[in-house]
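Presented below is the structure to which this report refers.
By written order: A, B, C and D. Residues from 1 in each chain.
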Amino acid sequence: MTSGNEMQIDVDRRDDLVVASPVGEIDLARSPSLRSRLGELLGEKPPRLIIDLSKVPYMDSSGVATLVEALQVSRSKNSTLVLAGMQDRVRSVFEIARLDTVFTIVADTATAIRDGS
Amino acid sequence: MAGMGGSPSGGRTGHREAGMSDAPSLMRLELVSQPELLAPVRAMLTSLSERLGFDEVETGHLALAVDEALANVIRHGYDGATDGRIWISARVVDEPTRRLQIEIEDQGRQIDPAMIRPRDLDDVRPGGLGVHLMREVTDSCEFERRTPAGMRLVLEKSIPTSRSPGRRDNKAGTPENGTP
Amino acid sequence: MAGMGGSPSGGRTGHREAGMSDAPSLMRLELVSQPELLAPVRAMLTSLSERLGFDEVETGHLALAVDEALANVIRHGYDGATDGRIWISARVVDEPTRRLQIEIEDQGRQIDPAMIRPRDLDDVRPGGLGVHLMREVTDSCEFERRTPAGMRLVLEKSIPTSRSPGRRDNKAGTPENGTP
Amino acid sequence: MTSGNEMQIDVDRRDDLVVASPVGEIDLARSPSLRSRLGELLGEKPPRLIIDLSKVPYMDSSGVATLVEALQVSRSKNSTLVLAGMQDRVRSVFEIARLDTVFTIVADTATAIRDGS
């Protein structure tokens, strides 16, 4: 039983930024796949990596841990990592984990691109 | 983790009946015969079959088949009593073809499997559609008497081989696959 | 239907431990320790808690708590091995207050319950959030060692009393309630 | 455990017709509630009863049986019963049961009202 473990991640490359959009629930089965894709993308040292979470209805602590690790890697590579379009249920997990102030979180991808945060 | 002794549902692996595969269950669910539990069971099987690669139509059909089977156990096996027990187990069988096998067992009324059959559909009346629906939406649907009590039903549905939901939208050659 | 002898998960009702209610389980699920099964379990519990009257936020929290608990059993109890067994049972307890009780049991590594605690959240690092999340989103969350092996976790969440999903949108006095 | 058994049914009464819109999945737990509400509505002998199924994502044979019974009752009362807005998954159940030609099935409630079928 493996077919559902791979996280679908749509990637959009623009001038100085990469937008990565995972699609679907992020849990222990899928976060390893998310982790390796984000590692690949950060390996390209994009000035900015925007993770569009608008198509992620659910995330557990394994997904959160993956994003914390990506944040740390991004800092070591001088990339700016931004989380965009978080659904309420996912945001509540970040709030309970008190990570909502640690990440740069914006309303949607358009805002992230425009603000150049 | 081989021995099941001392486990809360001890003895599970000792029950391999004719027609059942030796493949271990992914999950085994025991529930009481309450209609309110049909929705949670459908939700679980829908999610499981999506993860296994069934498409939306097939997933809906699988949930329907199990729902109809459980409804029949509740209505006919237990005459609507809500304190009966029902067991559902799900396993993936690889030989001869890869398929999801769902086994439904009860301790209720026994009936000759040959008597469980769809009625003539031309006679339009309420009811009598469950067995017909189950047969139509599965690849195999076999009833048998359990020992010492109740019925066993084994439903099978082939798992599509080529699809991989994770990469569904990522075509070779598009940027997202060209990453070094 | 009183005796469980001969049932596929025989002996189930013989397992009442300290802290557990005598109320019978609505459902009891045995699964293998595969991360792929977390989604089906969440789907089942989401549907169950919606039917019990939990709202969307509470339903999401309940699914999260169980997901985190199972993830810990898989990672810490079974060190990532996928052939471990996990049992989840759900029951509604009425006294002293109406609540959903979820029990999660394994046969994996044992640990002193006092050692299972949330870490300091100010230390931002990957991981170490599961127990904190579980505690925050439930009303009660108690670990204990099982005999002879593994851990037991009992999660509880109060069931809202006033809501009735079926009649949610039908206000007294509107036409649809005035039918003779 | 009973709170989820009652079917939510929104009812809209117009000149010579009643539109009943069940909301949610229809299965063995809820079809008794659907059955009694439809019985009440048919007791009013509306010239036409339109059952709007657009908010019903799932129906099993207990729901189908309930509608077959409602059809028979409607005929005995000289009411016209129309099913409107059926989702694909529900329609497939009617097709497999070969009831798609027994019922009057239209695309949506607006069509049912306009056509006066």
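In this text, a residue touches a chain if its C-beta (ideal position, glycine included) is under 8 Å from a C-beta of that chain, and two chains touch if they have at least 3 such contacts.
On a predicted model such as this, the values are computed, not experimentally measured, just so you know.
S.K.: Looking at the contacts, which chains touch subunit B and subunit C alike?
M.R.: A, D
S.K.: Averaging each chain's C-alpha atoms to get its centre, pick out the one most distant from subunit C.
M.R.: Result for max centroid distance from subunit C is chain D.
S.K.: Subunit C to subunit D: how many Å between their CA centres?
M.R.: Those two chain centres are 36 Å apart.
S.K.: Centre to centre, by mean C-alpha position, how many angstrom separate subunit B and subunit D?
M.R.: It comes to 28 Å between the two C-alpha centres.
S.K.: Centre to centre, by mean C-alpha position, how many angstrom separate subunit A and subunit D?
M.R.: Spacing between the chain centres: roughly 44 Å.
S.K.: Would you please write down the residue numbers of subunit B that are in contact with two or more other chains?
M.R.: Only 26, 34, 36, 39, 42, 51 qualify.
S.K.: Give the residues of subunit D that touch two or more other chains, as numbers and ranges in rising order.
M.R.: 1, 4-5
S.K.: Chain adjacency by touch: line, ring, star, complete or other shape?
M.R.: other
S.K.: Go through the chains and record each pair that touches.
M.R.: Touch list across chains, by label: A-B, A-C, B-C, B-D, C-D.
S.K.: Along subunit D, where are the residues that touch subunit B in the complex?
M.R.: These residues of subunit D touch subunit B: 1-2, 4-5, 25, 27-29, 58, 60-62, 64-66, 68-69, 72, 89, 92-93, 96-99, 102.
S.K.: Quick check on the complex: what are the subunit C residues that touch subunit B?
M.R.: 1, 4, 6-12, 15, 24-32, 34, 36-37, 39-48, 51, 78, 81, 83-85, 87, 105, 107, 148-149
S.K.: Within their complex, state which residues of subunit C touch subunit D.
M.R.: 26, 50-53, 92, 163-170, 175-176, 179-180
S.K.: Where on subunit C is subunit A touching in the complex?
M.R.: 34-36, 38-39, 42, 57, 60, 63-64, 67-68, 71, 74-75, 121-122, 124-130, 132-133, 136-137
S.K.: Using the touch definition up top, name the residues of subunit D that touch subunit C in the complex.
M.R.: Spelled out, the residues of subunit D in touch with subunit C are 1, 3-11, 13, 23, 33, 40-41, 43-44.
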